[in-house]
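The following pair of complexes shares a single chain, subunit A, combined with subunit B in the former and subunit C in the latter.
Our next item is the complex of A and B:
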């Protein structure tokens, strides 16, 4: 035992030293941009493509795209920023739009402002609003969650509705159609997860409001859009035109299995809708219904994320130049990520490219990407604030009571008191 | 007659209950194996029959993940952590039981108190420590915090209570030094305790998630748990691939458990008879 230890100790020590010096060498190697993001088939693959394009022109800059789970990226970013250990952070990180203000406001000075470099007038205005704090814009807008109403043409036709009937809907009309679809075809109109406030968020933003006002103050009891949204969700539940889903996969299952006639979600759902080849030609896309109150539109957003450069990054200048050159200027890049990954970026000029202009046979030859691009420019800007996730939980908690006939004003009061309790 | 009816009824109840519990514990495994043979869509639909997508799923897993590297990383971290934890913590457990001093119980209690501090609270200070020592993104940073494990020390101390002090006395009379007693008498006598502790530490280290997640920063250092978590959190996770990954990640712990099952049970009952 003793002899063994004596023989191996120097070797182990040597190994440790060697690995330490190896680490030092990689750290000293300049101009490698490290990026954290979370979906190997989506933003990771897209960032690798973006990096390859940049390296082609700037051979001295290489990229290291690291993928973790989304919550893991958040946890790591939080730990890194809170501990002030700068060398533990990447150069560029992907942050979900709903959480952006939380990071910007909790860690002032941690992210590099890009206002001077990037021309933000080319992007969908609501995406830019998400990353603006005190007049400075901090991120590079990435994928959009512009919403659409995907519907099964075959089911609606059986119920006596043509694609024209699906345009310019109000929610009341949508529910009416839903009733008829169920009588004529036996199918439910939509899948709905009672523990997910996504639908409420879609409706609320379509009328230009959010849980928080432009100053970031809680906006619940006086929020006409939230009130109308909750009323509408209540009506959908009372009319029983939905198939209840338990969790995300189950919700996806409602339409992949052909059990429901419509899907309402961000444009990123397109890939999943199209994953059923046997449903080709049966789907159409229309703008989402409007709430019918003042300021209500047919455009909204669900989800989406953006890139941020860390102020502490050693490769800050290169990282900013990279984002600006690819994400703010390269129209061809946007065609490629649309074709290969189904990603709709936030750069409005991208619609001029070939992929955006192509008709999609899966949707019966409709030019769906042009439509989404139209709606993208019209999504109302709102302030997602710091506590969107907390507000979401408070809303979800009241949804069951709403279906059992609780007055909406009471629900709003309960939501407000729960939010103020949570964020104190 | 009457008694045999009651006996039969109670047997039916017992086996029914045990069968149900066994089913509940085994079902996730069955589902995992069946899931690996199905496409993601079929898994979401709830298909519980064997499918034909196994080869595709395995293929996709091996293209998406650098399997040898990831397993090497996990193995390295786990083996280092297990060997070091057993060495350090068993020594501490031995020391706590064998050496009498006035402060012993106080130190021991404070150590046990640390079991109550959730790891989330230790994470940021620990991270700063690792950052200052330049150990971020090294496997050493994953291993170091685990080797002085209060739980394993506790376990060894409890087991050491059954270690006959006569053995130690006899060894002393024969002229053995303390470290020799530990190495040549204690370790062989306590081998089933070591085996049980080995399984526990091995499993914890292999499945360890939060701390490696925080401290490991690059694709080259990631362990299997991090890779599976990242696969499963995609917007449209390919559940078939995730199932393949989970099966592969379960194999080492299963193997260790099956190989050491007998010693594990003995260790739990107490090493010294």
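Our next item is the complex of A and C:
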């Protein structure tokens, strides 16, 4: 046994080494770039398009775009980074802007800096800001989450409202319209997931505030925008003009099934709205309602994300070159993803393109892209900080009590105490 | 001579014996003992992601000031206090009913009640989520037969969400416990019951005075196992609430909180390790209490 092992072990080891290096060689020749992202109607489809464009010019590079749920992408990434081994990680990953600083700060050295390669002066500055740490810029800015109010023209017409009536709304007026829509059509005004703070975030940023101030300190009890946002969500829930949803897919189902009259979300939802061909021509887009406080605007942001290259990736050089060639230079690409998927990119030069001027038949011939582009310029800039997930959970924890008539100031205090317990 | 040879063989066996258990011991050391010690060391550190620093007892102090931790702990204890007794009692009753040799279709019932245990935790949670949706089959059935007027908000109301979790884990685990009782019931001498019957002891008294005392070791075992399971409750809540423990943290468990601290929030592995040691301490304490309580009644 002993002799056998002594005689054969080196040979077995040698064989194993040889096959391993053989595998490495073939892998280097094939050059497949693996990408993780989350929305089959949006960034997955867009990345496939981008990959196809790159493969056309560089036949040796192919792409494997993997589609997960967004939380799965985030949690798989966090697990992989924490484990310290890069084998399970992709070459490029999509990260939502709210989480970018969290990953950059807690896993230093995990992402490849692109500062030397990419010309960042061509991108919207707020997108570059969220991916900058200690003077280095780490990602490829992708889409903006500029928000809009998507509404069903047919339902609103039945309730006696014209598209003009949907412009320049306040939230109080929105709720009033919601009541009438329900009496006249039996449809709820909007889908709402009480465990998702997205609506609160939209309202809060529309008035130029966030959970954290510019220095990153918690900004809750003195936050007039957050207070007004919570009051408004409380009113919406008390007026019962919403269809309750449990989870993202359930929420998407509220409007794809035609059960609700409006959708409030980032422009990236366009792809999902348009995925229902039978609803073509029935949708319109208006600016979101305003909060009745100082500094309130009709423009806000929800989500928006960017591409990051893993430092440990075997195809790092190709991945960076790919992102730079398509996302930083290909204006035509941006026109296509705008028209097909509703992706408002953050490359400024792309906004001069013809697609932004075009009318969209799905929205009854409205020039929706021009509108989104105009609203984008008005989005108040805020500092997302690194604890948005924690703050979100603290906010949703208070929503039920708020609906049952808890004073908003008390809710704010509870949120502040929960957040300060979380961020240390 | 013979003595010396035996010594030689003894040593030979000794070395071989150790060689045989060495791989297992090595694996246990690598995958059990090392992580346990390492997580203990981690629980004294704090920081963001990979940037960890020694923090002494700061994490333990933080536990007391963390309302979310207190909430998760209260929820977990609520599940434990409400669900474990219900399930154990239910399993006991079902086991004695199904132990009746005159019952027609015993095998079918046993299989039906045990079957939930072989389903995947994720699969059944997703199914329950659909069944208990506002317009799901449970609400529409209850409405159709006139028990309720408007749908029960199973997933959006704090009380009903907790109830749903309890219903789900009871459905999943009652059959599992029942199998232990069925096996133990086979070992009880039938003559004990015969004597009791001849003496005119009613059925309920036979259950409380013969069955339960004789099953005590098994009841203790299943109680400890169920306690550990409930304190580690994760899959059901994660899948029913999309990982959020909502509404307003009403279903959040300690394990889910550990998961959030590690994978959803700004990762703080040190604090997450501290919370997981809370579970260890709780399980140890509760198991001790249960063993103690079982021993008391013997006297």
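Quick note on the criterion: the second predicted complex is superposed on the first by the 268 of 424 C-alpha atoms of A that agree within 3 Å, B and C clash if a C-alpha of one lies under 4 Å from a C-alpha of the other, contacts with A are read in each partner's own complex, and residues count from 1 in each chain.
By our rule, a residue touches a chain if its C-beta (ideal position, glycine included) is under 8 Å from a C-beta of that chain, and two chains touch if they have at least 3 such contacts.
Bear in mind the structure is a predicted one, so any value in this text is a computation, not a measurement.
K.L.:
What is the contact status of A:268 with respect to subunit B (first) and subunit C (second): first, second, both, or neither?
P.N.:
first
K.L.:
Just subunit B (first), just subunit C (second), both, or neither: which does A:87 touch?
P.N.:
A:87 sits against subunit B, while subunit C stays out of touch.
K.L.:
Could you say whether A:71 touches subunit B, subunit C, both of them, or neither, answering first, second, both or neither?
P.N.:
So A:71 meets both subunit B and subunit C here.
K.L.:
Have a look at where A:257 lands relative to subunit B and subunit C in the superposition and call it first, second, both or neither.
P.N.:
First partner only.
K.L.:
After the superposition on A, what does A:119 contact: first (subunit B), second (subunit C), both or neither?
P.N.:
neither
K.L.:
Under the stated touch criterion, which partner chain does A:409 make contact with: subunit B (first), subunit C (second), both, or neither?
P.N.:
Neither subunit B nor subunit C is touched by A:409.
K.L.:
For A:79, select first, second, both or neither according to whether it touches subunit B, subunit C, the two together, or no partner.
P.N.:
both
K.L.:
Touch test for A:39: subunit B only (first), subunit C only (second), both, or neither?
P.N.:
first
K.L.:
Is A:107 in contact with subunit B, with subunit C, with both, or with neither (first, second, both, neither)?
P.N.:
In the superposed model, A:107 contacts subunit C only, not subunit B.
K.L.:
Going by the contact definition given at the top, which residues of subunit A touch subunit B in one complex and subunit C in the other?
P.N.:
71, 75, 79, 82, 250
K.L.:
With touch defined as at the start, can you tell me which subunit A residues reach subunit C in the complex?
P.N.:
Counting only subunit A, the residues touching subunit C are 71, 74-75, 78-79, 81-82, 102-103, 105-108, 194-195, 244, 246-248, 250, 386-387, 389-390, 393, 396-401, 417-418, 421-424.
K.L.:
Mind listing the subunit A positions that touch subunit B in their complex?
P.N.:
Subunit A reaches subunit B through residues 1, 16, 19-20, 23, 34, 38-42, 64, 66-72, 75-76, 79-80, 82-85, 87-88, 90, 249-250, 252-253, 256-257, 268, 271-272, 275-276.
K.L.:
Within their complex, state which residues of subunit C touch subunit A.
P.N.:
46, 48-51, 62, 65-69, 129, 133-134, 153, 155-158, 241-244, 246-249, 260, 262-269, 271
K.L.:
Any idea which subunit B residues touch subunit A in the complex?
P.N.:
Checking each residue of subunit B against subunit A gives 41, 44-46, 64, 123-124, 127-128, 131, 134, 136-138, 140, 183, 213-214, 217-219, 226, 229-236, 238-239.
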